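Data block below; observations after.
Chain IDs A, B, C and D follow the sequence of writing; residue 1 opens each chain.
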Amino acid sequence: MAEETKKEYWRWPESIWVNPGIDWEKGTIITAGVDVGSVSSQAVVLVDGELYAFSNTRTGSDSPDSARKALSIAVDETGLTVDNIDYCIGTGYGRVNVPMAQRTITEIACHARGANFMYGPEVRTVMDMGGQDCKAINCDDKGKVLNFMMNDKCAAGTGRGMEVFADLIRVPVWEIGPRSFQVKKEPPTISSTCVVFAKSEVVGLLEKGVPENDIMAAYCAAMAHRIMELLNRLGVHEKFVITGGIAKNEGVVKRLEKELGIKTADKIWYKHSYKDYPFDTQIAGALGAALFAGAMVSKGKVKSARKK
Amino acid sequence: MIVAGIDVGGKNVHVVILKDGARAAQGASATGIQKAQAAERLYEETLRKAGLKREEVGCVVATGSAGKRVAFADACIADAAADARGVNRLVPSARTVIDVGAEEGRAIKISPHGKILDFAINEKCAAGTGTFVEAMAIALEMSVEEMAAISLKSSTSIPMNAQCAVFGESEVVSLIHQNIEKQDIAKAVHDAIAGRIASVARIVGLEKDIVIIGGMAKNEGFIDSLRKEIAMDIPDDPDFVGALGAAEAAAKGLLEEKVAVKVVGQEIVEGGEAS
Amino acid sequence: MVTYKTKGLDCWKRAKELRDRYYKDYKESPSRGGLRWEGGAWSFDAIPQALEGEVHGLSEEPYGASIAHDPELQVRYQEAAEGKWGCARDLCSYMRAYWGSVALNEYAFGGPWPHADFIFQNQICCCHSKWLQVADEIDGGTTPYFCFDVGVGPYDKIGDRQIEYVVAQLYDGIAFIERVTGRRIVEEKLIQNVYNTYRSNCYWAKTCELNQAIPAPLDEKTMFSLYVLGTLEKSSQAIADFYEKELYPEIKDRVANKIAAVANEQCRVLGDSQPPWGFLRIYRYLEQYGIVSVANLYTFSLIGWMKVDNNGLLVPYPTLEEQGITIKDRDHALRLLVEGELKGKLMWAPFYGATYKNDLVTKIAKQWRCDAAIIHLNRGCEGTAQHQMQLKIALQEMGIPAMTFEGNMADEREFDEGRVMRLIELFVTETLGLKKIA
Amino acid sequence: MIEEFKQWYDDRHGYAKEWKKNNLDGKVVGYFCTYVPEEILYAANCLPVRIIGGHEPPARATPHMFDMWCPFSRDCLSQGLAGNYDYLDGIMIAQSCLHVRQAFGAWQLQVPTPWSYYVCMPNAVTTSHAKKFLFGELAELKMAVEAWVGKKMTDADLDRGIDIMNTSRRLMKKVYEFRKEDNPPLTGTEAMTMVWASQLMDKREHNVVVEELLRDLPHRQLDREPGIRLMIVGSENDDRPFMEMVESIGATFVIDDHCTGSRYFWDEIATTGDRLQAIADRYCDRVPCPTKDFQQETWERKRFPHILTLAKEYRVQGVILVQQKFCDPHECDIPSLKRYLEGNGIPCYVLEFEVTVPVGQFRIRIEAFIEQLRADELFD
């Protein structure tokens, strides 16, 4: 659906971060998680269970390359290579195509685990919105999945829908949230659920000269409502957190909170010592994978694949 | 007698100008977001091509999903009505019309006089539209044309769920991951849509002759797939048939007496507003 | 072009009163020491309504429909059923609205959900037995539940065996009701209720028959508000009287004086299944073209009892008086009740095959002199939506132009008004070639 | 043997055509619902074959059933319209859900078939009245079939019919017994393939192979880890690719409640008393389809405790509830069934099925469900 445009309005900016406080060569266990989503991919590297590096980049048409790219840019300037990694777990939509991974775990388990680490053990409900689907997860204080639900066989209200929308109105996706609140009053929501028809509905509104901000508000509200329907089926409990790209879109998040009557947890690292580290909601999956890998190696459940 | 038909669709605008029943000129352009302006521009341009002035045109009839936005038109008729008239002029023996455009696939059963006897339109979901193919082409990282061309090379058939365009994309991507030949995936996409369209067409009964029009009629990959289900003819410039039909309606309106057309126009516009 | 006299119905106000009182009585019954029961439009209310003392029922389908008239409420209730309870979104839309109403502990006519003392339901479509089974489960699962089966075959295959099966269940039902309420079913009341049931159903059918007249004295839009009383409590004296002594005579009089429902009637159409309740303005749009919806198997026989006579014509089912029958006792009453429902409710025939639907509706098309058919493919009710596509083919084969549009009687989220209006406009202006009457 | 079942299932039409060649006086009857008393058809030397879908988009059905009808019923009709069942001498249905009844009704009008019959299977099956009513229905059916095939049915014929069906039931139930083992000697897909085949072919032939299988199973070893023990519950399900996918990612279906599985053969017919009444009793007493699962006095259902008992006997760790889109009877029961099973400590996951299954999308859901069930491996 996204027309090829020079400027990619739909994509969240890429990010790379390396922890200056850690020298990986002194570490004993080095694990990685690589989350290859349909739209963006992330890699997280842990040294002895501590966050060492992560990257957040786009997914190309070839998953293995996307996985390699994600990991390599994360450790680009550190000298660390795949060969130094004890264990790597692939997750996400392209998880079976992560060449350096020793095993795969679904993003459902990984996001719950990652969210538990990022936001703390009080997290009970995690909402992850990927490009293709939207997952609502209930978990315990360890980040163990108790039950979960995913959207039905229609992509209405998925991240992809939002990207198509951003492309269509030529507004960078990170501006949609803020601008969606610059409206006199909440407009009626976009009624069409099909991404393609929603698109023509939006075109219709643009033609009628409806202000862009109002249209953004309408679209965010529609998406928030779809997510709310899914969450209600599962049952939402505090602490409630949203991971994935959509978490960055307050236009959706604020409206969702309003519909649910529940606030989402602040985007602050649970570990106090992490307070200055960047907090990227999109890395939850990769982080969860890396954490699982760490636990497996340290408990000796798997043997290290480290080459040097 | 000079008349014009303007078809403003989801993706493209088409204009056909008839002079004493013969095509004087025709033109097409992308609709974009400001459809009214796009129609205006293309109309002017086509008139220039035909060396005609606005005031020389006796009657202008618009059609298409955004036809009602053409302020300068004397009337606006439903797109299926334009299809019926256009096809009836080009292929008098046609009894079934299949029109697959950017955002809609429909089938119409027509009488020998081009009267609409029955019609069916694909419901609710974008599967079975040109937009669906575009989305898949993007997923395959090629143009719709390239996709059409290579799909013809494929001999396999992979069942695909043409349910939702977005899931279609993910299905395509996962097929790519399974290292399935792009040509086979392209064919799978065309087969899926052809299946959708065929079932819509069956609702009106597939009486012969069957004619397919609309932008997708130019996609030989899709046509190849649909031909496996339905034997049909494709007129020249199948994407211009709607505009041609509108022009026909304009001519007929003039012959009867223009007011009639005007009234029809207003009726439909009001009808539209009632919706 | 002819223009007919037209005027509103004199009995309109009365109909509204009866309806309002019904829902009010249900709510207030306990405060007056009365009982409450839940059932459906097709439950045999003659039986529970024969309990000694005050008793009031809540009829599930009309309750769901009332909710549907308020889209905001409907969506809220259905989202509660789908969210809080977790049912599928494609189930019967009345049922989802009803479940949501229970789940939110809200009565659409004000106050908390009014718990029933017992459930007296019947099973004919897949959802009927489940409807109150689940509703009660949501409500705590403490309401005594009884469901009898009337799915014994089409009207032309009803014999002693079929009647016997249903009557036997009704005896169990009576025992059940008496046991769980500790009150008696009063024979005199029961007999009177059966007389009333016959009057309500037969006189509604007679009223529908009058709509064969040109101009039609009633349009479907109006009929919707009239048959509903029969779906609430056909066994009630007041409602039977309304049909026999108020509505029927008035419509007869309209026919005699050529008083039309729609002044510029020139195209008579036939409908099928329930309309999308939130969008009755469709009928107003049609009227601009002189189109009047005059007939619908659903609208006629949801309560109206009819039969196919020896000439193969659809005629009203005879009342007990016309049959010269006096009810002797409880057993006689139950048998007559069952016989009337099984032989007279032609609405049930399509449940047993497409041929029944085609046969009955093509008869209607002829006898009610319909020029076209507009079929609402009702995603909200599998029962009334049975064999609709077969019906379309059958009507077209007999030369009646027919169109279909997808919608939902009680889920506005499944109704794309703009799209449907486009289709109707196309059908009206192109296929029927009609022009708007200024 | 499993391979034979698979071949019969895959070549169901070829098999039936072959059968006609070899049984010139026999007729092939397609039936739409498992409430159809096959006993009476066998007694009349007919071959009952269940009409099932082809798992292809049911494009042909669209003009006859708009798409609010369940994918299975549309798929069945589509198969008929495509001429895949052109060998049928007759079709039959027993009153069940409105969806498949609609497919039957459209079939009667659109797919030329010499004979068709509707058994008015009662709904209030827990009442004695229903058994009496069904007895009458069966008596009429018997006469209708006799008139059709031109031959009276003797008690011996009926006994034969009952015996063929009961034997099949008894044998398949024995096979299911093996699924209780820690490492079942056959997968869920294999077990259900056996049941699918039994609905599509001459039970006498089928029984012989099931007996062979029973001799073989004690020694049969599968070269796979059983993984999580799953139960699958729903309406019709012959979705082989789906079941294979699930059993390829660390799980085994050890039991089911489907009308293409255990629900079809679980209950036998008592061989005492009047034969038709015995048949009637069996179909009223069998594990009910949700359309008929209500009883007087209470909202509780009869099928739920049965499912729970199976889950316990087969030591199920999780249940996959399959919801055919638009299948009202099951959709009405699923939220309750999910609560009921979870309340009894058995995790459930609900999946919505369409005609063609997007295996990719289902895989992630099932994988996650399996991870949820074996979370301990990840956590401690």
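Here is the rule we use: a contact is a pair of C-beta atoms (placed from the backbone, for glycine too) under 8 Å apart; a residue touches a chain by one contact, two chains touch by 3 or more.
Everything numeric in this text was worked out from a predicted model, so none of it was measured.
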Which contact partners do subunit B and subunit D have in common?
A, C
Chain pair with the most C-beta contacts
C-D
Taking the mean of the C-alpha atoms as each chain's centre, how many Å separate subunit A from subunit B?
40
When the centre of a chain is set as the mean of its C-alpha atoms, what distance in Å lies between subunit C and subunit D?
35
If you average the CA atoms of subunit A and of subunit C, how far apart do the two points sit, in angstrom?
51
Once you find the CA centre of subunit A and the CA centre of subunit D, what distance in Å lies between them?
42
Quick one: which residues in subunit B touch 2 or more of the other chains?
123-124, 161, 163, 167, 170, 203
Residues of subunit A touching at least two other chains:
93, 153
Subunit C residues counted as touching two or more neighbouring chains:
86, 389, 406
Building nodes from the protein chains and edges from chain pairs that touch, which of line, ring, star, complete or other describes the result?
complete
Show me the residue ranges of subunit B that touch subunit C in the complex, using the header's touch definition.
78, 80-81, 84, 115-119, 121, 123-124, 203, 263-264, 267-268, 270-272, 274-275
Spell out the residues on subunit D that touch subunit B in their complex, using ranges where they run on.
56-57, 59-60, 62-63, 67, 354, 356, 358, 360-361
Complex contact set, residues of subunit C against subunit A:
79, 82-84, 86
Within the complex, which stretch of subunit D touches subunit A?
347, 352, 354, 358, 361, 364-365, 367-368, 371-372, 375, 377-379
Hey, which residues of subunit C end up touching subunit B in the complex?
281, 285, 288, 389, 396, 401-403, 406, 416-423, 425-431, 433, 435-436
